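By written order: A, B, C and D. Residues from 1 in each chain.
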Amino acid sequence: MASNGRTGNWGRWGDDDERGALNLVDPSVVLAALAGCTTGKVYSLAIPMGHHSTPQVADRPIPERLTLAAPADAPVYQLYGAVEGVGANEDLIMMPSHAGTHMDALCHVYSDGTVYNGHPAGSFTPKLGASKCGIDQTGSFACRAVMLDVAAWAGEEFLEAGRIVTADDLEATRRAQGTEVRPGDALIVRTGWLEARRKPEGGPPAGAEPGLGLSAVDFIRDHDVAVVGADNAAVESIPFDKNIFLAVHIELLVKLGVTLIEHLWLPEMAADRCFESLLVVGAVPVTGATGSPINPIAIG
Amino acid sequence: MASNGRTGNWGRWGDDDERGALNLVDPSVVLAALAGCTTGKVYSLAIPMGHHSTPQVADRPIPERLTLAAPADAPVYQLYGAVEGVGANEDLIMMPSHAGTHMDALCHVYSDGTVYNGHPAGSFTPKLGASKCGIDQTGSFACRAVMLDVAAWAGEEFLEAGRIVTADDLEATRRAQGTEVRPGDALIVRTGWLEARRKPEGGPPAGAEPGLGLSAVDFIRDHDVAVVGADNAAVESIPFDKNIFLAVHIELLVKLGVTLIEHLWLPEMAADRCFESLLVVGAVPVTGATGSPINPIAIG
Amino acid sequence: MASNGRTGNWGRWGDDDERGALNLVDPSVVLAALAGCTTGKVYSLAIPMGHHSTPQVADRPIPERLTLAAPADAPVYQLYGAVEGVGANEDLIMMPSHAGTHMDALCHVYSDGTVYNGHPAGSFTPKLGASKCGIDQTGSFACRAVMLDVAAWAGEEFLEAGRIVTADDLEATRRAQGTEVRPGDALIVRTGWLEARRKPEGGPPAGAEPGLGLSAVDFIRDHDVAVVGADNAAVESIPFDKNIFLAVHIELLVKLGVTLIEHLWLPEMAADRCFESLLVVGAVPVTGATGSPINPIAIG
Amino acid sequence: MASNGRTGNWGRWGDDDERGALNLVDPSVVLAALAGCTTGKVYSLAIPMGHHSTPQVADRPIPERLTLAAPADAPVYQLYGAVEGVGANEDLIMMPSHAGTHMDALCHVYSDGTVYNGHPAGSFTPKLGASKCGIDQTGSFACRAVMLDVAAWAGEEFLEAGRIVTADDLEATRRAQGTEVRPGDALIVRTGWLEARRKPEGGPPAGAEPGLGLSAVDFIRDHDVAVVGADNAAVESIPFDKNIFLAVHIELLVKLGVTLIEHLWLPEMAADRCFESLLVVGAVPVTGATGSPINPIAIG
């Protein structure tokens, strides 16, 4: 059972470190991940970001796309030498940093007054955002990814709401798939939940969700996983394991420095039984942001 | 000289196509690109997105990060079973679709009443955005990238403002580097301009910029390039070649269906003389958007 | 029955006019309105503007207040000579122009290719907004207001959903109250609907609403009313009278140049039977906006 | 000299009070203000709110108007029974709470850990905003206003940058004008600065501004003024009097509970020598906001 003390990986990569377990990924790890690709098939693991249609915590604003310029504005461009019938369309995008398919920066959660590596919670201020462990620190990486399809292993279309995925579930799935988990890997856990929720005919209600429990943290630590993603809202189960507020977030983000990816879209990879891939993530490096919508690209 | 007629690649991938020259990239092309990686070094080609510091056209709004939740809000979370000292930081991000390092969707520019492949300009409306050729169509891809470092070839720190990069410049740089350009490649042109502009001590003034001219379009078409990126504001030169409004945008986006990436950050790749890489782009698939800030990842 | 032809008040105040029936209000009318005040009681007729709690058309974004600066930012102010413990709180406000208690500018609705006074619908473009009849033209005024409490006259707590308020209803209410309607007045119609909708224990469902029908337009035109407000979403009934799309909006905004105010909060005035008042409106003059949230102040 | 101790008006209207000196305005005061109107002329004291053109502190976002619906969207409305050629224009408005002509809520500034009346600074949190002394508490009022045209009295087009307006200046202007200041009045101070800044041919540079000094606080307290407004950025001088950070803001907002209005537009009232008027303000009651752009209406 997770018992990382207060300081799981603190200091492991230096007292100033803000990148956490992604330090496990060096060029040799990337080359090995590249060498493991067999199909060259490119998967986009993001869901569309749209007004009202994006799943997210109810309290956050709705993502919006707003028009900055459009064909009706063509006369505006006369200033720049525009000619009749030529012009540009442009938008303004507003999105909560934790909407849709997104990544949590290590500063997203604080506990006992600190974020990862003992950086003070006060390193985040409303005006300037994160001065430590912001999305600019962990938003760019490539590594090997392993998908553990727990739903398929369990023989279910999707795990039921509130179902806690344990270390044993992960290990059993890994064995059943015959997949190796290596240091520096991204671990992708498939519960089937997001697919169920997005069915045109309607799926299970919002609220409780299946997800990782505290014992899964042991699996992650023991395998020196660098990143964890899942096809649910919080990676961890809702309600939280043992009803501890943000239990797994605290263990992974604050103690281990493991970045989280939420609302992954996995049906194509699951259908292809693509359990190993190269995962590439490039979050927009918004200065001070605590997370970001992303479009993770996996190559089979 | 560019003479693609009205319909360079229109119909080449079907009358309904919205993906343009990215159709040239199939899994075998991706596998070949993977095989070409030699160092495993990961480059982020994006500049920080920040209030006032992001270079962009003056008329667009300034990107903003705003706080949605912060340590001072901890009492708010009592509703969710929060305990003392534990909480979350969250933001709202507002950004023009064409700010910072960004990608133009094929619908970004229209000419003679149409966007790429003859889709009507009216397929974009302010409320719904792009119903054809939006960022969701071209925002996810991986391919081989070739960087032509024209500034280095020219023996200059950066090309001067207004300098038009020609097909001959590209070919001479390619030969000098000994780099092959293949169908489906992303062509990255380095002018040195963005690095000059971002020098702490100040660089050349905003306004005119070096960039591609119309003859460069021939080079791109003849090599069946899938994507073109550069380290400047518009890929093309400003003022426009022959003073034709959006000259190269029209040729590449509208006629050839070649997606553009602007404000690439290239100094590390240039220092490493990394002329060939795997380029992976995952734009947030905002429904209806005409472009998106991105963080392109290159693997050497 | 409303039969204003295409051009009810067009040209009445000149071909360039953008202020419509508010031209009926001159200083002598204002002085008369001031002279009619008897209690000096000040009523705010606006409902709170808040995240999720503001009634509005579902398709519009949710109003948001976001923090720009807060106590946690105090260190930021060191740059400006700040001392320990002193600082400022600031927000960013995002709101649809037609959210909560708000005013429709005359350009809000177009019909047959024109807005009020024959100004072309194309005088609005997405980038620049309204160049004719924007909120800056009608957003500042003071005049006499007459409230017709149709719900009280009908002996109902609130008019039922879909109930069409007719010219006869208005005249009967006017007589029952003994209220005179004068040229240049603001006509405020109380249906009781917004109060019913905002009951803590829940009220009637959203969707259909009581409101003015086409015959009420005759009453408005015959009395030369300058502004019309009501305690519902659209002034007019939903569904629209005779199922004509935006029927009353077209008659009042486009043909008569009568500005509309929606979602008025009237319970205090109704309880006081304050049927005559001085109404003062100051909308933020956002350049090009088609409407604005407002806080109308009435003085009894 | 201002020496209000820590608790100028604290407790004067009860320990729970959040409305401050506006408590001085009761219906009899309003009736007296109405009775003082002589011309019926209506003045809007707000400047336009527009992209880039709105004067404000540089660090705040630029106000934006963005289009939500426009003529090009007409097909969208088919869902609602729209007919050809009929539709609606709508916007989204984004504005800092302290941009353009605006009002400071009493919670805007904190000092020694408290806002007005001893409410704790922690009553403001980034997520929920102000739970005490927000704009909803002071944003709706009508009262008598007295304009003291210090620039005219001084015989200058505008007071020079940094000029501190003293109690003696205010009293001398008052006497020269023959204007009485009564309890519950709004005091409007004209420096000429905003007019100078907005001249088409360019005015004095941004940065230092004329405004009230600490002795003016005595004048305000001694006359029991309810609201203070001026035609500059901060009511008080910049640099601050005696270089005390937010000196006058602390005295007026925190200690006396006097609401501030900034960037008033006064040239028309000044040209008319309209020194006494009815001032009516209705700020949009944004839940939790620390201020709001407003359009103050004065009636002469």
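Please note the rule applied: contacts are C-beta pairs under 8 Å (C-beta built on N, C-alpha and C of every residue); 3 or more make two chains touch, one makes a residue touch a chain.
Predicted model only: the values in this text are computed from it and were never measured.
For the pair subunit A and subunit C, chains touching both partners: B, D. Over half of the residue numbers at the interface between copies subunit A and subunit D are found on both sides, making the touching surfaces mostly the same. If each chain is reduced to the centroid of its CA atoms, subunit A and subunit B end up 24 Å from each other.
Look at where the CA atoms of subunit B average out and do the same for subunit C: the two points lie 45 Å apart. Each of the following residues of subunit D touches two or more other chains: 51, 61, 64, 67-68, 70-72, 92, 94, 122, 125-127. Residues 26-31, 34, 37, 39-42, 44, 46-51, 53, 60-61, 63, 65, 67-68, 70-72, 77, 80-83, 85-98, 100, 107-113, 121-122, 124-127, 129-130, 136, 139-142, 240, 243, 245-246, 249-250, 278, 280-297, 299 of subunit A touch subunit B in their complex.
By the touch rule above, subunit A contacts subunit C in their complex via residues 51, 61-62, 64, 67-70, 72-73, 75-76, 94, 122, 125-128. Subunit A makes touch with subunit D in their complex at residues 64, 66-68, 70-72, 92, 126.
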